[in-house]
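Presented below are the structures under discussion, each in the form of structure tokens.
Look for chain A in each of the two complexes below; its partner is chain B in the first and chain C in the second.
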Partner chain A sequence: MSDDDALWWAKVRSGGPQRVTPDSAYPAGMTRLVEPDARAVWLLPDLPDNARPDVLEELGLSGFPVDQRGDTARVLASCLRCCWSEPSGPIWPGTSASLDDVAASFRAITDTRDDRARHAALLGAVRRLAASGWVGFDEEQRTVRLGPRVAAWNAAELSTLRELWRSMP
Partner chain B sequence: MTATTDGQHPVFGPVLSELNERHRDEVLTAFAAVEHGRDPVPEAQLAALRDATLRRHLRRLLDRVGRTLVQVGNGHWTSGYADDVAARLSAEGWQPLPAIDRAVLVLVLVHSVAIPRSQGLLSGDSWTSAHPTSADELVRYAQLPRGEIRPALQRLRAAGLVQSAPWRGRGPDTGTAYLPGPALNRLTPSARQRLEHQLILAAAPESPLAASIRAKQAASEHTDGDR
Partner chain C sequence: MEENCRRSGLHARLDNPPAGDGILSRMTGGHEPTLDQLAGDAAVVRLYRQVFAVLARESGAMIADVDLLDVDEAILDAFADAGRDGLTVEQAVAACRPFDPQLVGRRFEVLREYGAISKVVDRPNERFHRAAFAPYVMLLFLRRMAERGGQAELHQLLTLEHVNVQATDATAAVGRTSVNRLTRIFRHLGNELAILAAGSTAEQLGEHAQLLWGNKSLITQAEEVHAVVLDRWPELDGECATLRIALAAYGDAVESAAGRLIEQAGTTRALGLLPVESWLSFARGSSTESLAAVLDGFVFDAPAPWFSPHQLTEAVEDGRHTGPVRQPPPRPESATAEPDPQPVPADDREQLHDLAERLLADARSVTVTGVLDGTDDWMAGRRMLADLTAIHHHPDLPYALAWSDGLRVDDAGSPSWVSAGTFTRVSEDEDEDER
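So, the complex of A and B:
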């Protein structure tokens, strides 16, 4: 392990998963997620199980608050429903889905608020999720795909998510 | 999980292998608490923060990912970027925050910390504060469209760099106000000082204090150049 490895870990900590060219960086302890077209690789830190954020709950400590927590979680669930095309397989990279498909899934699991408010909630949540690497959002094409962070979910978490996927309309 | 041929985690393994199972768990738990927790963690809660030997191992673990332990007040701990790593990131021009976010953050720091400190209302070198800056003040001083400031504040809030607070000030301002967020606790003593110097240089570049800071910086660069 070198000083450059520590620098990569700091970059991911400050800027989220890093997208690099396939032959440019091999930091120790990071998973390399190859993009479907093999033109880029995402660097994602690989933490031991008991050093992950879910430890906070066991300790009764707060993590960073998420704006509009409920809607953000529901929109992430809708993205998973639309982009995880084969839930018996790996979650990454999944497939691209139109924002309209995600909106339809979101509509099916949200309350009866009016279309305008629901659309604003959807867009806000997709942008928040995109900024933190949970989804990719192409605003011009109005398409959504899963972001590199989903590859950090472990087997137990994926098993719960598969149940969620099956229960969603 | 990535692992070397001996099954060790390539980053954490060498430090953890020196510990027994119980101490390994305690050090990793403390790592998760200081790295992912919103606020500084009381040392009374975790053995690896309380015990100086375990704390040394925790510090080594953090060092391997470019981080360090930061003490906050009496008996609370969090983590932050190690000074040498922060210096290398700056030298590379690494900057994940857009310019508008940095401008809004500076305004919150000036109004919630620097001005109250200059009035004797805040002591110490912390960049946290209980003096809110109203959203109206931010719009007035930033001279930027409200439509650009709002998303910047949302991003800063998501990063823990600002937090919402009720506006309790005098005057016509109403509604939301902002305070420096819990991430400011993560600044090392050296980073806190650098931030203070930068604000003095920006706010009062002709002052004797700014001249003294510039002289110290020049001397330090000269010394580094000689090494």
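So, the complex of A and C:
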């Protein structure tokens, strides 16, 4: 691995997927994810199967702690439901969806909560997910789209997600 | 300062240290310092000794105690105060009164021998002496070096060398001298440090840490001089190579010494290379940028959460089933509910006893038929029968229910048939007591 590649890996490791201009250098072992408007490219590390984050789960180790993990996961599922317009195709880049749509989907899978609590949970989860690159969240436009990290799911996982997508209202 | 020294010729003599290592055999007047004295002043004396060794060899006197230097300084101070007439030996001794007159006299001789003090007019019976200013300047210079470790002076020296070799009228000889001087300086530094790093304790090493500080810029400065020299006089490549080797040796010594210190600091978490106040003042007095610069070159691992599809599915499933998660409102500490009393088995002894007494109404026994006649319908009668059976079976109640063979049949009555039976008080005494 050259120094340049090592630097890129260090950057990804400390800062998550890197957003670069489309004409920039392309380090080895990274997936290039072109933004829908082709103005930028995300660099996502291409990890071998036995080095992915879900290995922790297989080993029975606790992963990175997330606040309100259940709600966050549900909101991510709602975002997937709203933004993955073609579940038969690739997940990236998806389309953008309004926060209201996501909220409606979230309400459908968490029906017994009062509106204020649900909204707070939704907003908190969306911001958390946006911070870690799972979704992109435009606070002013109130639109949500998928983040570069979703492209890290492999084919087997995507098929599970397709099941989930179909099962969700 | 160096200029002055050089002009006086002292510096030039320093540039040519003695070839042999047996520097001195004779101490000043047999003044032998004890080990304790030496230990206390070692840091100061070490530097003085190094520099004065040459002078001492020639004059037959050696600085073995920091007090002797104070005497020297006092003598030179006295000359400064004396004005243009100069001083006689007696006057100088008088001016340095707090010091032992013999000691002052001896040092006076030493100073005169190496030319720091000379006769006003060079004739046999001249009594007045004058002092050269260069030794005094050098003394101050040494004093400062002893206090601050000489690092700043080394920087100044390097800057001066740089200027020297860059001067338009500089010759190859100047360059050679410069490079040789630097080589020697860095060899000395490197040797001292390497010996310390190899053989001394971490504490000792920490005391000499000033040799470690700022070494990067020292080496850089030396390399600049080296570059200039090599550029101007390519024929000096031999000397330059020696300098490079000395620099590399010094760098290696710094590395190994710093490695040992860091190893020590790593195990004890001692950031004791600098006093605590230095850390504090750095933290308080620095801008955000310089504070942030401390972490330049560090990469922090920032792991992001990972959501597997399995987790997503599970969460969605859970979300459909779980009700609203309500936090209980906060309650004051004192209002916590009392713990539940120990559960006790329900006992209807009192009610049963009352019922039995009411049915018997002072009689010793009543018939079941009579009791059931007193009830309104079959439901009430059934309850009454159940109560009677319960009273009969209660271990604490002294009543008994006995069935006999008779059977009363009444077509129109509510219980259309009733077995004959009696409800009897068993123990008269206990019953009396309870009443």
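The rule is short, and it goes like this: the second predicted complex is superposed on the first by the 167 of 169 C-alpha atoms of A that agree within 3 Å, B and C clash if a C-alpha of one lies under 4 Å from a C-alpha of the other, contacts with A are read in each partner's own complex, and residues count from 1 in each chain.
The rule we apply is simple: a residue touches a chain if its C-beta (ideal position, glycine included) is under 8 Å from a C-beta of that chain, and two chains touch if they have at least 3 such contacts.
What you are looking at is a predicted structure, and each value in this text was computed from that prediction instead of being measured.
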item: Partners on chain A (chain B, chain C) - clash or fit; value: clash
item: Chain B versus chain C as contact partner of A:E163, first or second or both or neither; value: second
item: Which of chain B and chain C A:M30 touches, first, second, both or neither; value: first
item: Chain B versus chain C as contact partner of A:G70, first or second or both or neither; value: second
item: First, second, both or neither for A:L59, with chain B first and chain C second; value: first
item: Chain B versus chain C as contact partner of A:D114, first or second or both or neither; value: second
item: Chain B versus chain C as contact partner of A:S14, first or second or both or neither; value: both
item: Chain B versus chain C as contact partner of A:D5, first or second or both or neither; value: first
item: Touching partner for A:S132 - first (chain B), second (chain C), both, neither; value: both
item: Chain B clash site on chain C (candidates 3-11, 291-299 or 417-425); value: 291-299
item: Common interface positions of chain A, toward chain B and toward chain C; value: 10, 13-16, 52-53, 56, 63-66, 128, 132
item: Sites on chain C touched by chain A in the complex; value: 299-316, 318-320, 322-325
item: In the complex, chain A residues that touch chain B; value: 1, 3, 5-7, 9-11, 13-16, 28-31, 45-46, 48, 50-53, 55-56, 59, 61-67, 128, 131-132
item: Chain C contact footprint on chain A (complex, rising order); value: 10, 13-16, 52-54, 56-57, 63-66, 69-74, 76-77, 80, 109-114, 117, 128, 132-134, 149, 153, 157-158, 160-161, 163-164, 167-168
item: Interfacial residue positions of chain B with respect to chain A in the complex; value: 1-2, 9-12, 14, 25, 28-29, 31-33, 35-39, 41, 45-46, 63-67, 81-82, 85-86, 88-89, 94, 96, 154-155, 157-158, 160
